[in-house]
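Read through the structures below before going on.
After this come two complexes, each holding subunit A, first together with subunit B and then together with subunit C.
Coming up: the complex of A and B.
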């Protein structure tokens, strides 16, 4: 049997499990309510796509890793505690196929929870905002559905990176209690701690000139920087990104790759 | 019984920090036979089983497989098998069967669970969960099947059923290794015994040859062997004869 088929077997089980867990449906509904609530409280949908992104960005920056950790914090810890990993050790199932299959299944779940409400919000903007937002602009200075699609795409990248971080911590936990503690600590570091660490580093070598680069090195800073550069400032002539775009993009990919490999190694050792 | 060796442990030691769970154990696992690990709690039975399985790396020594070529060499039933909630018995069997291109219905029939195939795994009794664990251990027809306390905490009828299934697994040509405290059932089922205490191998041999040492049933033999072992350790020099 090919490794790809075993990956598929694991993936299908994760998806089935997700479909049968009503908690995830509730999470999706809550996410939708929060996003629509914030957008309408700020009046974004009536103003267009960019105002909607402005209204929701801060919440999305915290909400996405929170959802990723909710979906992933027990992904590896639970089967380890159940003894399932020991059983699977006796099968011709590679760590890549197992962790990859579980990750792909949970990533699909996470993206459904995050992307469906965002797309619904985008559709809502298209039906409620002024006629200028229907322009599919390719130039700066104009609000456009493209900008919202970019926002969704960057949010997908941020969600996937947050999920691999949750997986790594789950694989390191080895008990359900520790998995929860590590998830909470990881979430705090990801959403607040990393930015604080960069600003604290202003006293120890990071200058205002290199601050943008330093912020881009953290997942949240990289995501925020990319949204500003690729979405918000596109519609505002004369403004440029506060983080180097390529550094931010590579940073997110780096964190994704590093934590995914780390999760596989930790699962192997569990 | 062909007597072919499927697995060999050579001077295997497993330490957790300062604690030695298994100390320099060497043994062979033959085909077509049930090998029973017996010993008091904490004697290293489960640890030795996990080292033989490869889920624990030995601190020193080697374990080598010499059985027939197989996609899955070892099947394993853990002490307390638990399965992912939210799935039926058949879906659970199908998950494991799919990993090795096996037929889940065949596996369930093998352990007599075909009648409850649609039941959620969370609705199974302890004995049925153990049977599902054995079905999983048989997926892919592994030449060696290892079972950790397969009947602990079960009623006598279910324990008997599980040991009957274990016997039939060995009759089908596999090597079966089990650790258990159910001495009467082990005595009736095992072809060969490995007696462990404090991580050391005290004796190994057929049930008959060990029984000859005391002339009584296995539990008396077992107690006598452990007493001999403890006396040997306590004696000046501390070495076993």
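Coming up: the complex of A and C.
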């Protein structure tokens, strides 16, 4: 059997198991409710795409890694504990096919949970945003659905990177208890720690000139920076150099690749 | 051999490729390239012209250059009448912060048109102008061309056309960037504050001059020198006083020479038909009568209008309302110490510049719909002071009475206390209004530069309702109304007002926010402020906002302003003075997170007001302490 088909088999198994797990449905629903709730509490959808991004950005930045860790923290640790990995070692199945397949399956699950509510929100903006009165001629201003699609695209990238980080920690854990602890620690570092580290380093190493670069090095900083750089810039005329765009984009890809390879190596070692 | 892909695999691959393409495309699109096209001017949110000027322009076919601005964060197209208005607005500090930057600016294009400045210098053209982008146009400034509000800036797409126009009508040609550096002599709201004192002085001077009517020598006494008042008036030489002793006189009198008619204790009964005293001469005084028996015709026949002015019907109809005293085309009229019972109007003044009405009591009808105005002032500045208006329609009604002063009067149970139509540069000060059906002070038809100062309105429909622009509304106290103030006026300054215990404190009703609202006290209103359509309004000026009862921050109010901003339209903040539980919700991480970034897109936010530096203590402590004492006494009683 070719590697590709083995990957597909594992992927399909993951998707089937995810579909059978009703809890994920609840997770998706709650995510949707939180996003819609926040957007409406802020009044963004009535204003347009950009205000909606502004209203949901803080929540999405925390929600996405949290969901990624919820979906991924036992992805490798569980089969390792159950001894499945040892059995799989006897099959002609490469680590890449296995980890890749599991990752693709969980990624599909994670993106469904994150992207479907976001897209629904986008559709909602498209149907509700607009002038309160038709007495006057109106126009869109700088608002555009493309800005919202950019936001979704960047969120997808951030979600995929968060998920590989979750996989790496899961592969390192080798027990369910440790997997939970590691996941929580990782989540804290990702959502709070990295920004705090940059903040703390402001007077000791990071300078005004390197602040953008330093932020772009961290996954959360890179994501937030890119959202400002590609979406919210329209609302802040005169400011454009939030973070170095390519550094931030490559940083997210780098973290994704690094932790993915790390996860494979750790799985091999398990 | 590689096995063929299954259908599902093909679809999965396609889906991944498709999503990647859409995502990639969204980054490739140049968002800022779309440039909106000009729209019909009538559909824009219009600013910058008084309705009086608009009527004059329409009536005399004057063409006023216009501007359309599309802002990056504002959904409505804003139309400015007059280049001076647009440039002033566009270069105003804080303007971009609220509306975003202009995506596109279009100006009227007078190229290829028979445009001219006639004998009266007014700008006229046979074909209405087209649109041209502002930065592509050439502007003729400092020429003789005029519009009703002042000198005209005339834009042309074609440089040669601009030069030709400048040859004809004078002026020089400049470009958009240069035009934006010009400052135009528009009265700013802050300047109106400085005019309050001079306007009071002007009114004092008018009053002093009019009071001269009291010092004329007595030439005749009714009863001894003549049998009737009219007889005495006809016989008396000019610049003297005709005295009317106590008693009742069934007469209607016309005064057509400079004369003072003085009748303390005398009652003049018009017999319920028409106007009782008619004045057609300059420098007449009417003092000290009780006037009854005024006719009940509230409105004259508007079809009798003889001139072609745009407001001829109003002048004819309202100007012919039956009244105790009517003055027509007479300057320096002095009406004082009268007591009037009227089913129609009290004093009607048409084209009576410098007329003064003081110490007059007008008792109108119990139901405002049955009666008419206490004082009507038309076409010329007048002073109405120290008078009392009970019942009837409006206490003081002004129509094109620029420069009028209405002060220290008491209004009770009218429709409106003071009602301004097409009247600019007036002073409405220190009046007291109680139980007004609709409002204490109302300003309509977009006039400019009015000062509404120190009035006290309570227990009424509304307090101060303002339209127009560049006005100054300060030191007013409004208590127990359905709606204390509406900020329908634009580019105006609202400061040091106290809004206490109303259903709604302020209704922000301009579509384009441009007002300064600062140092006001909002206390114990059911809703401190609500907002109509339009983007976020920022009620903070130069680091100071307003006092909102209920607003707090966790520093315990150590500084003069609170660290946390306050939004009277926010569903949590607006309950802060009603329940302490709102404090707990306000501290929730989700609510805080939501607020953290909201200010980024003010132009897109609809119907909101925020104060970024709420005051820790009331801005008008004296007035507030007074009110709190009064209300606690009312509660005890």
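Everything below uses one rule, namely that the second predicted complex is superposed on the first by the 254 of 270 C-alpha atoms of A that agree within 3 Å, B and C clash if a C-alpha of one lies under 4 Å from a C-alpha of the other, contacts with A are read in each partner's own complex, and residues count from 1 in each chain.
Basically, contacts are C-beta pairs under 8 Å (C-beta built on N, C-alpha and C of every residue); 3 or more make two chains touch, one makes a residue touch a chain.
Keep in mind it's a predicted model, so treat the numbers as computed, not measured.
By the document's definition of touching, neither partner reaches A:22: not subunit B, not subunit C.
In the superposed model, A:82 makes contact with subunit B only, not with subunit C. By the touch criterion stated above, A:13 is placed in contact with subunit B alone, subunit C being left untouched. In the superposition on chain A, contact of A:48 is made with subunit C only, not with subunit B. Between subunit B and subunit C, more residues of subunit A are touched by C. In the superposed model, A:91 lies in contact with subunit B only, and not with subunit C. Residue contacts after overlaying the shared chain place A:58 against subunit C, while subunit B stays out of touching range.
When the two complexes are superposed on chain A, the residues of subunit A that touch both subunit B and subunit C are 5. Across the complex, subunit A is touched by residues 2-3, 9, 19, 22-23, 26-27, 29, 31-32, 36, 39-40, 43-45, 70-77, 96, 100-101, 103, 511, 533, 590-591, 593-594, 596-598, 600-601, 603-608 of subunit C. The part of subunit A that touches subunit C in the complex is made up of residues 2, 4-5, 8, 38, 41-43, 46-48, 50-51, 54-55, 57-59, 130-133, 136-144, 146-147, 149-150, 152-153, 156, 230, 232, 234-237. Subunit A makes touch with subunit B in their complex at residues 1, 5-6, 9, 13, 16-17, 20-21, 79, 82-84, 86-93.
Across the complex, subunit A is touched by residues 50, 53-55, 71-76, 78, 80-84, 86-87, 91, 95-96, 98-101, 136, 139-140, 142 of subunit B.
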